[in-house]
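You will see two complexes here that share subunit A, one where it goes with subunit B and one where it goes with subunit C.
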Partner chain A sequence: MSEASPVGTNAIDRIRDNPFYVLGLRPDATRQAIERQGTKLLGMLELELKSATSYPTPVGRAARTPEKVRAAMAELREPSRRLEHEIWARLEPEAMPAAPRDVAPIDDEIAPRAGQAADPWPDAFVALGWRAGR
Partner chain B sequence: MNGAIAGIIASILISRLGPKNKGPNKPNVPFTAAVWSILVPIGLVLFAGVLAGQVYLIPPLLLIIAVALPWTTTRLVLIPLGFPRVAYWLTRTAEVTFDGDLHGGAVLAGAWALLRRREPDEATAAWLDDRLRLAKPQTLGGAGILATGLLLAGRGDRDGARAVIRTVIDIDARACPEAARRLAAAWLAADAASRGAWREVAEIGIGFGSGRQAWLLSAVAQSLLGEPLAPGRLGLWLRWIVAPNRRGTLAIVRRALDVLDGAYLEIESSDAPPAGAAIVADDAWSTALARHAALLTKPIASVEQGDLLALGRAWDAILEDRAAERILAERALLIGADGSARALTRLRESVEGDLTALVLGRDVGLDDRGDAPSPTLERVRRRVRDSLLVGVESASDALRRRIDDKREIPAVDEWREWTALRIAYDHGTKLAGEDFRRLAFHKIHPDITSLAVWLFNERQQRPLGNAMFKWLLDEATALDDARAIALQTKNVACGV
Partner chain C sequence: MSLRPLYVGIDLGTTNSTAAVFDGEKVTLVRNSAGATLTPSVVRIDARGGVTVGAKARRFLENDADNTRSEFKRLMGTAQSLDFKAAKTSKKPEELAAEVLKSLRADIKEHLGFVPSRAVISVPALFELPQSAATSEAARMAGFEKVELIQEPVASALAAGWSADEKAGSWLVYDLGGGTFDASLLETRDGLLRVVGHDGDNFLGGRDFDAALVDWVLQEVERTQGVTVSRANPKHAAGLRKLKLAVEEVKIELTRATEASLVLSGALEVDGVAVEIDLVVERSTLEAVTSALVERSIEVCKRLLAAHGLGPGQIGRVVLVGGPTVMPALRARVREALGAPFGAGLDPMTLVAQGASIYAATAGLDARAEATMEESGRRVWLQYPAMSSDLTPHVIGRLVDAGQNEGVKIRLSRNDGLWTSPDVALDEEGAFIVTLDLLPRRPNVFKIEARGANGKAIALSPSAFTIVQGMTIADPPLSRTVGVALADDGVRVYFARGAPLPAKRTFTHHTVESVARGSTECLLKIPIVQGELAQAHLCRLVGSLEIGGASVKASLPAGSAVEITLELDRGGHLSARALVPALGQIFEQVAHLLVPDASPDALDATVTAMRGRITELRADAMSRNAERTIGRLTYVECALLDAERETQAARGGDADAGQKARRTLLELDGMLEECEADKRWPELESRARRNLSEAGIWVGQYGSKSEQMLLEEAAQAVEKARAERNAVELQRQLRVVNNLYNACFQRHPDAWAWMFEDAASEADQATDMVRARTLVQSGRKALEKRDMDALRGIVQDLWKLLPVSAQKRRLGHDSGVR
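The block that comes next holds the complex of A and B.
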């Protein structure tokens, strides 16, 4: 889990891998609730129950693994770390409209749209005599 | 036949032995003058012979036509057929077209012909590269710079090619043949069109002076963008008829005509997500977090300055409010954490780090001249500024050391190094604003001045030095730096 140090880690990962979202809990969950939920999820993942293999976040659904669940439980046992995670988990996982399916990290390019007047003209170099056609 | 050969020999001798024109405004065309005064009359005689049925005179006649009209022959025959070396040598005689940068024009012809080959040919590309880096220094002009860009494009470095070709217009007209200027505009327009940057295409081809191809594409771009002053159907057809490559451009002209006919009018789809419904939040924390998550997942091209401003203000409502500290302190007490200060500090660092990465990664500028600045965004802008300043300063330092050590590199590489530094400077100014511009200029002004003086005084690269002086003068004027203005005004006045 990339939550060890929020500063400098991928911003989307910080939200997606927030321990509260991983465990499917809200920030006001008690310690007992966290332990109970973690154990329950580990059991469900052991049995490969489909309902436990993913979870919603404000940046789209993410895959849940036993490692993520264990790391989330460990993070939330430390009060100072928990306080930091609580801040980022204040947003309801479903409070955002569904993120685009191909939600991309910062560096990815937008996919070209089809049928728009201002779409790129990929054959420009060939059509204008700068390159040989195929 | 013998007459033709004698004519060629005579014209070569005249071009070798004839007076060299050194004046900046006089055309330097000794070879062309010889060809037209000796070979063309011979060609007319041969033409008469061909008309009389002496077909064996056709080859020498074609040779004379090629030598008399070297650029036309190169452009219509050698470049489309992909003969880079022949294109290079024939264009070496195109004194009229490439007056001011004949050598660069020849490499340009070769590089273009190389681009037209279906298979890459690194040996020829290297040979052309060597022509630009001859042991005997040649003055680099606009055509040579365009040739450098085309060679980069041929090697697949489109970004590098674009960066270099954009600088062709910086070269003084006396060292930048009109043909090179127009071809640079045409290449840049084609490049922008292939990326879908139609706004750029529209600007590149404004006015007939930018060349027929760029002029046509500008009209197409204006139509595709639905601009009110876009030329109508007649205007588009007129430009299409005037421009070269009519068969190739017909498809894009038709697309523009379809736009004028309303074929691309947007119809609201019920499947489309409602615009502006992205943020559902009932308090400052949720608003900031929701905006933060929304911006992180937004596609690159659609992130705008307004989005950053809205997010910055949303975070201001938390980070600049003592109530947030109190809420966190209460919560820390409840769960047994050491204190809230560390959590708040890390939150601030995370927010500013994310926004800095957004600005740098998505190339969104932060305007530092806004009426109501956001403290959060101001801190982000300083981070962006510092990060970009490091790059510019280290590049400028490296340049300074090389100048001090008198370590020369070929003029074309000097120009590329300067272009890279300038791109970093422009990029920083765009993202971090006037503050960056002032600090960076203070650093690079003496270094670039030294480079330009070195190129101008000692290395026969007066056009390059002059272009740098002009850029420095423009920047000094924009920043109102009186001493730099005085110095660069004097330097620019030295001409090319």
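The block that comes next holds the complex of A and C.
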């Protein structure tokens, strides 16, 4: 079967879709923090709050969807999978320049493009108490 | 009417059904009019059309079998209708299930004083999509406004976890139902219940225990009276039904007594000969004839544990579910083989219903219809976990009407008056987030208040909500991979097994043939399949989206883009949609959401064909001395005998046996495919070596550091799969390698020129020759100008026009997309 893993198979996808970045958490997050954060993000997305629709990664902002959040929570509940993601989430979310244009995602899944739903209000996360700041 | 939410769970079982109600603190089982918590899943329709359900109907199973039906759950999702001769009517399995649900709904009304409008209904973990869809349909017909489905093992674990004292641990749920066996490995930690893994046997259940004892009785009859009773003979069906009911009672009696009498009221009529059955069955006999079945279930459990790096003795508890698990010998053997104690105080017969009612709380499915009545005031849209293990969860809210938000402050308070939130201002989107404080293990009701900039109270709707503090249940995992069958017999996976539900994904496909507007003959099929194998024909077809010539606004040329969206809800209910951007049209009608029919002739033909394949594969395996393949082929050959026996029973009128044979054959077909893959293993291994070394060159030259790291990881995984001779995993890893290879190869300045020449050389076979020629001409011009961006687009368009083999397309369920 051709694979359509929620975690991409090329490097850029792999970093962009890393569950820690999707949830806006660092690799040392506790299990409870992951559940709490995931539940909160799902709620925010359900309420169509713009501040939840994208997230920063080392390769630029990416679009956040409920499916990505659910997949991220499921990945991080599995200890061995979590360990793998911890390695790929070592970079600070905005430490690297944006992805080169020629590295197109191989998978042709249609998802909201990063930036399409970019937050028009950059401080929303802080204002909503989602994170202490970045 | 209760002042707090009430949650209803229903175990719609093959043999019995049960309802339970959860009030946020404790679960209560609902008793039926006879005072029992188990209602037999039996429906009778008399000559006047009167419907009887439950124990009253069950009494007619023996003497009025033509008008009384049981075990219809096994036929859910099939086109099979069941006749009721006296009433001259026939009913689909879901209609009969709806009658059982109506009966339970009436019992709940007696119990609670109101008719529940929402509920959670349990389904076996290995239910296919059409079977789940039929269950939802049954609930709708029974009058439920909204239902969610839950997998039975998850429900059992939830009930067991809710009553457990220890906060962390692993559980094995051993669920031996009437028709299926499910083993689930679960983990509870910090209040989070998670399904770690699942395995099962779709062909093992209490019914097989009955069948084993029936076979023993028939052998005794043949030995002592010289009369042969055959399951394949429709004339013997009535006698066998009678015998089966008596055997079921003896089996239950033997859970307490060491011997039981099997006496039929009246003789069995077999080919005009009266056969008296009067036997003493000893418990040891029952244990002997069913021991192989118990061992089969234990093998499944051990396989599940091994798949997660565990062995017997390494699990905290075993939770037993289902009627057959009360057998003393079975309990002793399971305890010995798995080396873990049983969960104490858990009723195996009602655990599923109890768990379903708790799950209804996690889904916020309050059964009180009136509870959702609109209140007056500004509408606030709230999101919170209806049940949570977290003592300080968040509630997120948003005022959704057009009122003034500036200066509005929100305050929440718990109804015991001991906790109140600080005042929170709304943000620009009219939203707020508050961290709550919950009292443990009970329903917590919160009041929500708003004040305007002038300090005046603003009425809100709703003005209160409830969160039950207890457990958090991880999103239920999908039990089987779901995807779209492609014209080349491949499958595009949308949701892999284990994916958290709900889920939704969209991919772009391209049509392989044109659809002429107005033509009634043109029909583009988009088959939706479920299964783990890479070839579409080995996966189950569970639905099909169809785009017909009669429904398109304009003719659709081959190679047109189709955006297909598949969506699964928490209970695994599938919806599908195809958007054709060129036409601006959406097609949503999912057709043929049915389990295929299983006619005995088709089943026989399949068995014959499979025997031919076994002979061929065995000859090859012998020549290679491939012991593993030879062993697997022997297993398939033995299992084919079972399928043949079920096919014979299907000829005798047992539709359920036909379905069982169909599923067995499908699974065996998959095993034969694995044997064929084994035959191709040397070729796959050499391809792996070649692809890895080629990818190494390109990724080394054009890949980023991360891509080089990924290739290294993939190379290790390839090596592991090779060592384990795991063809499925090896193919999966090769796809990763090829993806990396392609990404890096395409960065070479001449890559698209090479690919253009390759595609152009096949243009004479294109599905649309005129368009292909035009594309080749445009490609030549782009190549001259070295316009690689344009060339890339042209090559991709050309690929979409290249033909697909008719044979492969047939195998791919006649898929019209690639």
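Criterion: the second predicted complex is superposed on the first by the 88 of 134 C-alpha atoms of A that agree within 3 Å, B and C clash if a C-alpha of one lies under 4 Å from a C-alpha of the other, contacts with A are read in each partner's own complex, and residues count from 1 in each chain.
As a working rule, a contact is a pair of C-beta atoms (placed from the backbone, for glycine too) under 8 Å apart; a residue touches a chain by one contact, two chains touch by 3 or more.
Keep in mind it's a predicted model, so treat the numbers as computed, not measured.
Novice: Could you tell me if A:60 is touching subunit B, subunit C, both of them or neither one (first, second, both, neither)?
Specialist: first
Novice: Can A:47 be said to touch subunit B (first), subunit C (second), both, or neither?
Specialist: A:47: touches subunit C, not subunit B.
Novice: One more residue to check, A:82. First (subunit B), second (subunit C), both or neither?
Specialist: Touch status of A:82: first partner only.
Novice: Quick check on the superposed pair: does A:39 touch subunit B, subunit C, both, or neither? Answer first, second, both or neither.
Specialist: In the superposed model, A:39 contacts subunit C only, not subunit B.
Novice: With the two structures laid over each other on chain A, which partner does A:73 touch: subunit B (first), subunit C (second), both, or neither?
Specialist: Once the two structures are laid over each other on A, A:73 reaches subunit C alone.
Novice: Touch test for A:14: subunit B only (first), subunit C only (second), both, or neither?
Specialist: Touch partners of A:14: subunit B and subunit C.
Novice: Just which bits of subunit A does subunit B share with subunit C as contact spots?
Specialist: 6, 11-12, 14-15, 103-104, 106, 108-110, 121, 124, 127-130
Novice: How about subunit A: which of its residues touch subunit B in the complex?
Specialist: 6-8, 11-12, 14-15, 58-60, 79-80, 82-84, 86-88, 90-92, 95-97, 99-100, 103-104, 106-110, 112, 116-132, 134
Novice: Any idea which subunit C residues touch subunit A in the complex?
Specialist: 189-190, 192, 194, 381, 383-385, 388-390, 392-398, 427-429, 431-433, 435, 472, 474-475, 477, 481, 483, 486, 490-494, 496, 498-508, 532-534, 563, 704, 706-707, 709-710, 732, 735-736, 739-740, 742-743, 746-747
Novice: For a test of understanding, state which residues of subunit B touch subunit A in their complex under the given definition.
Specialist: Subunit B residues touching subunit A: 79-80, 82, 112, 115-118, 153, 186-187, 190-191, 193-196, 198, 213, 224-226, 244-245, 248-249, 251-252, 255, 258-259, 264, 273, 277-281, 285-286, 289-290, 292-294, 296-297, 299-302, 328, 331-332, 335-338, 340, 342-343, 346-347, 349-350, 353-354, 357-358, 361-362.
Novice: Where on subunit A does subunit C make contact in their complex?
Specialist: 1-6, 9-12, 14-15, 31-32, 35-36, 39-40, 42-44, 46-47, 49-51, 66-67, 70-71, 73-74, 77, 102-104, 106, 108-111, 121, 124, 127-130
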